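In what follows, chain A forms one complex with chain B and a second complex with chain C.
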Partner chain A sequence: MSTVLISSVRKSFGRVEAVKDVSFEVFPGEIFGLLGPNGAGKTTTIRMMLDIFEPDGGQVSVFDGRITEAKKQRIGYMPEDRGLYKDLQLEQTLVFLATLKGLAESEAKSRLEGWLKRLDLYDHRQKKIQELSKGMQQKAQLIATLLHDPDLIVVDEPFSGLDPVNTRLVKDIIEEQRQAGKTIIMSTHQMYQVEALCNRIVLIDNGRTVLYGEVSKIKRDFSGNAILLEGHGDFSQVPGVLEARRQNGAWHLALGSDANPQEIFRHLARQDDVTIERFEIAEPSLDDIFVRVVQEGKQSREADHA
Partner chain B sequence: MRNFWLLARHEYRKLVGKRSFLVGTLGFPLILMVVMAAGIFISVRSDPNRPIGYVDHAGIINPAVSPIIEEGETLLALRPFPDEAAAQEALANEEIQALMVIPAGYPRNLLIKVFYWQDTPGEAVYSDFNAYLRANLAADYPANLQTRLQDGSDLVVRAADGSREFNSQNIFNFFIPFIAAFFFVFVVMGSSGYLLQVVTDEKENRTIEIMMTTVSPGQLIGGKALGLLAVSLTQAAIWVATGIVAILIGSIFFETLRFVSVPWSLLLVALLFFVPAYAFIAGLMTAIGSAVSELTQAQQIAGILNLLFLLPFFFIALFFTNPNSPVLVVMTFFPTTAFMTVLMRWGMSNMPVWQLVLSWLLLVGSALGSVWVASRVFHTGMLRYGQSLKLKDVVTAVRPRRVSGS
Partner chain C sequence: MHKILLVVRHEIVTTLQKRSFWVMTILFPAIILVFNVGTQILARNSFSQEDVQGILAGAVDQNETIAYVDESGLIKDRPAELPAAMLHAFADEAEARAALAAGDYDYFFLIPADYVQSGRLIVITTDFQPLNTPNEDLLSFVLAYNLTGDEATAVALLDPTRTMQVQAMAPQNSNDQSNPLAFFVPFATMFIFFFLISMSSGFMLQSVSREKENRTVEVLLLSLRPRELMLGKVLGLSVVALIQMVVWMGGSLVALNRSQSLFAAMAGYTLPPGFIVYALLFFALGYLLYASMMGAIGALAPNAREGGQFTFFVLLPLLIPLWLNVSFIQAPHGALSTALSLFPLTAPTAMMTRMAVGGVPTWQIFASLGGLAVTTYLLVLLAARFFRADTLLSTSSIKWQNFIAELRHSG
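The block that comes next holds the complex of A and B.
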């Protein structure tokens, strides 16, 4: 059974249609990537999912039904616009937020010690939030999200403001939560993190779902029109190849829409002046797919307007 | 419900723990103590062992005549001098604490010359000498007239229905409605001022998105409003307790304070109006705090609003001269001025009950409307970080929504 089910939701603010038609489903034990360019409708979708906004249409189901006050205690949310009470002490703030999520004060304090130590904030627990660095505040926000041990974790840009060491630490924590069977929805623009962490993704553009499914399958679906070659010889004049460029010691050949990788391979095999040491179908990066889908969508909209 | 109380407790602890709260709360009792101590010092400064000297050129004072005094009461002794030179010498030698010279023309001009050395004499010197003087001036009259003349005049003001009466002894009670009105309005405005700050802070700190995925907006604002009301009530309780202690101590030295009585009917009316008045202004402050992006901006708008709440203050003379004037009747029904106006009119005059009931109903209606508007503006405005709502946005937020299917 899915933890979150979003079906054909839409939301307008005045004349602006922020979300037109977004659907996806998220299951326990997976890290789900909620992707899209700026202004695509990701945050509005999250806010509808978490009952901050009421959708104008469509269906939102969290933990098998409408969200309730009790269900809110099973959710940990780290919004993109970070916020903690700046003039309060770190420990006091985190304990207060955890008690609002249903933890007893003593239990919250007990759990907090471990988290503070793990995220290297223990020595700063008596400091006011405003005295902490941006990275520290980011880690504090992550603790606020996870301290009450939620079943559904929604994190928006969890790595922003973190150095590589802390980025690794946060990645490990997110992965641990997944292994513990939690449902994690992660919104980020860092595509390499999505590739590293997410099982499935949804890509929202202009308020609509434009890509949805398993990361590996999506990458396979977008592969086939490029090949990666290693060898000796000139690969720049191969028939059917639109563009050939050297990339990290290998050749990246972009194929025309009518070209077939098998025919390319056969053609190259017949050539005496080239040797092939490696030939594989190039799988596009998620970053490439993101850019391509969003640009195609933009061009399509521009064409419609024209 | 648990979160409602947690939020209330959190806001209470957060504010009460601040140094500014302690300074603000304890400042008033400290000032009151200083003022009272100064008053008592002036009152008791007369030395009971040193007499009052006098030179009687008019031949009024007969040492055998004593004023009528209550049991247990004592008066300073008088010491006569044959001439001013001898009396001045005794004053310089600190044998007497003040010198009263009754000129020969006293019966015509009623003027007495007072001499003292360095420090002004205490109240007792004047009141005791006046008592001697009054007793001697009335000495030739029959006993009953003597008593009446020594008691002096006492103006008594009674309400037409006999419900209230003020005289020279309980004159302090006359001012209680004003003090109570300012006090309650202060509590309401103080709490709502805190609420304005807290809502604006919540927006500036960007904590609202986390809070809204944790508690309902009703719990959030309700809990905060209750916590902040408790802060103001704590402050008020400390001040009331200080006031009571001050009256108890002061009554030892000042006779007027012995006749202070609790105006129960006024308190009942105050409590009746307190909750809707607070809900009304709290709703407005929440709406303002949600609509703007910075505290200073919120305070500017709230400052104008506060003027509307304090408007009755500018008509204070009218409460004395004509408490049922049309201006005050209108202010009785206007939601921002109702609380203060009703308290002062109810405490000072015979305000018609229908006006009281209608005023309360209008205030309750305004309070419900204010809270409803606040919840709409809160929901729209709080997530617009760093942005203020335009008037158009506020109208859109308040306008009834379409029924949506989800």
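The block that comes next holds the complex of A and C.
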């Protein structure tokens, strides 16, 4: 039984179609990646899922049915823009938000102490939120999301503004929640975090689902579309290559869907100004896949408009 | 309901925690009252003292001497009560100018030969001194005396209506109009109602804008419906407004207790029966009306600064009685005051001011309350339609065309 089922939802604001056709399903005990470029419709999809916006069409099911006020108590939401009262004290704000989620004030205070200590914010609990650093505010927002112990956790850019130590801490907390059987939907542009944490993903572009499934399978499907190359010369302008970037002394080439590694090799072999020391078909990173799918979608739309 | 109560409590606690709330509550009205009531009392006093003693008192207090050159030969005598030292006649303009140059006087009046025909009067000063105005009241009195030859006629000429009494056939209040509170109480009522409603509805705008700017509203909307949020805010801030009212009333009572003369005057001043009940009703409806409109602006505007640009237009009806306060003091049951007290948007301040004066027909009170209640109901319904998730989460600027589009959308 899925925790969240989104089926062909759409939503317009005036003449702007923010979401045209998005579908995916999320199950308990998984970390699900909700990906897409800026303005793709991710936030609107999340807001429809959480009953903040009513969809114009399609179906949204949360905890096996229409979302109710009782079900909302079981959801923790961390929006991309930190949503805390900047001019209020940290403890006061977090307790208020937890009580709105149905927690008794005493229970909220008791749980809060543990979270504040774990995230190194206990000594700052009487400070106004605007006096905290960006990273501290991000951790405070995570506490607001988790304090009422929700079953469905929706986090939008959870690592924003965090240093490597706190990034690891937040990753550990997200992984702990997954192990506890919680459903986690994570939206981020940090693809390496998605690869490290997510079992499955959906990629939304221009208001539509363009890629959906298990990360490992998606990467297998796209293998052969990336080349790892070492040598001398400029490999940034090779025909059929969507993106070329240098990484640890090697070149990583992301190929377009109509490009072929053999043809790329033959092309390079004919060039006098380059030498090849290593040529290897690589499994594409999620980053490569993201770039390729989004760029091809953009080219396709531009061709349609032309 | 539990969540609405949580919002109510949150609004009360967070507003009372703000230093700005207490500064506004304590300092701002005090400054405004001192400026406005003070100037009004001064104005009243200056009119009421337009008799011989009044005119003389100011000049004598300032040890002032009026210097003049009378080419018309009009001034032959001076009123008996005017000390001779207060008038100094120069033989001609040259002599007066020499005295001016010597620093004996700052200015002198030149009464031309054709004064009676032309009415022309010239003031010659050493320099342009906008703050040092010539004492023309005293000279007017002397001229009037010499024109009429009688002190009482001269005074009547200067202020022919100074002893006018209005005797209306409609029911009037029983308060003694010479009691200073007959002026002060209606004026204070107008100010208190204006500040209570405008400040508390202003808190509504601040509260909604703050949650929009902080993006807190996105988290809140997962726990509350937009209209639950609006209701919680309206109720919470109404309690804040009542606390403000208590502070002001308490402050007034303390001031009265400290001033025995004011306390005695208050004992002789009676408010109409049920005044407190009517005050609460007009305040509650007025607050609901303006707070919901301010809440709607907060929901539509991306931040408090942009929302603030529209508050003037929303609060404009509440300001009108304040601008026209003279008509409420001079003719509280005249056509203008009555119309403003029956028009729903101006009714909260206008009707309460008239009621503080006394003598308002009961049917007018009920008509005003009824109109206000219906208007409030309709505007609260309209404001609630603006209070939606998409407007609360929008970061677009508020424009008149958007506002009209929202009106259509909400319909």
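Keep in mind that, in the parts below, the second predicted complex is superposed on the first by the 249 of 306 C-alpha atoms of A that agree within 3 Å, B and C clash if a C-alpha of one lies under 4 Å from a C-alpha of the other, contacts with A are read in each partner's own complex, and residues count from 1 in each chain.
Here is the rule we go by: contacts are C-beta pairs under 8 Å (C-beta built on N, C-alpha and C of every residue); 3 or more make two chains touch, one makes a residue touch a chain.
All of these numbers come straight from a predicted model, not from anything done at the bench.
Trainee: Using the overlay on chain A, decide if chain B and chain C clash or can fit next to each other.
Mentor: clash
Trainee: Applying the touch criterion given at the start, work out whether A:L84 contacts chain B, chain C, both or neither, answering first, second, both or neither.
Mentor: both
Trainee: Does the superposition put A:D56 against chain B (first), chain C (second), both, or neither?
Mentor: first
Trainee: According to the stated criteria, A:E302 is in contact with first (chain B), second (chain C), both, or neither; which is it?
Mentor: neither
Trainee: Does the superposition put A:I75 against chain B (first), chain C (second), both, or neither?
Mentor: both
Trainee: Touch check for A:A144: first (chain B), second (chain C), both, or neither?
Mentor: both
Trainee: Applying the touch criterion given at the start, work out whether A:T99 contacts chain B, chain C, both or neither, answering first, second, both or neither.
Mentor: both
Trainee: Considering only the listed stretches 21-29, 75-83 or 129-137 of chain B, which one runs into chain C in the superposition?
Mentor: The overlap with chain C comes from chain B residues 21-29.
Trainee: Overlap of the chain B and chain C footprints on chain A, residue-wise?
Mentor: On chain A, the residues that contact chain B in one structure and chain C in the other are 14, 47, 50-52, 72-73, 75, 77, 79, 81-86, 88, 96-97, 99-101, 144.
Trainee: Which residues of chain A touch chain C once you look at their complex with the stated criterion?
Mentor: 13-14, 47, 50-53, 72-73, 75, 77, 79, 81-88, 96-97, 99-101, 144
Trainee: Show me the residue ranges of chain A that touch chain B in the complex, using the header's touch definition.
Mentor: Residue list for chain A touching chain B: 9, 14, 47, 50-52, 54-60, 69, 72-73, 75, 77, 79, 81-86, 88, 96-97, 99-101, 144.
Trainee: Name, in rising order, each residue of chain B that touches chain A in their complex.
Mentor: That would be residues 3, 6-7, 10, 14, 201, 205-216, 383, 385, 396, 402, 404-406 of chain B.
Trainee: Across the complex, what residues on chain C touch chain A?
Mentor: Of all residues in chain C, those touching chain A are 3, 6-7, 10, 14, 17, 210-211, 214-224, 389-390, 393, 405.
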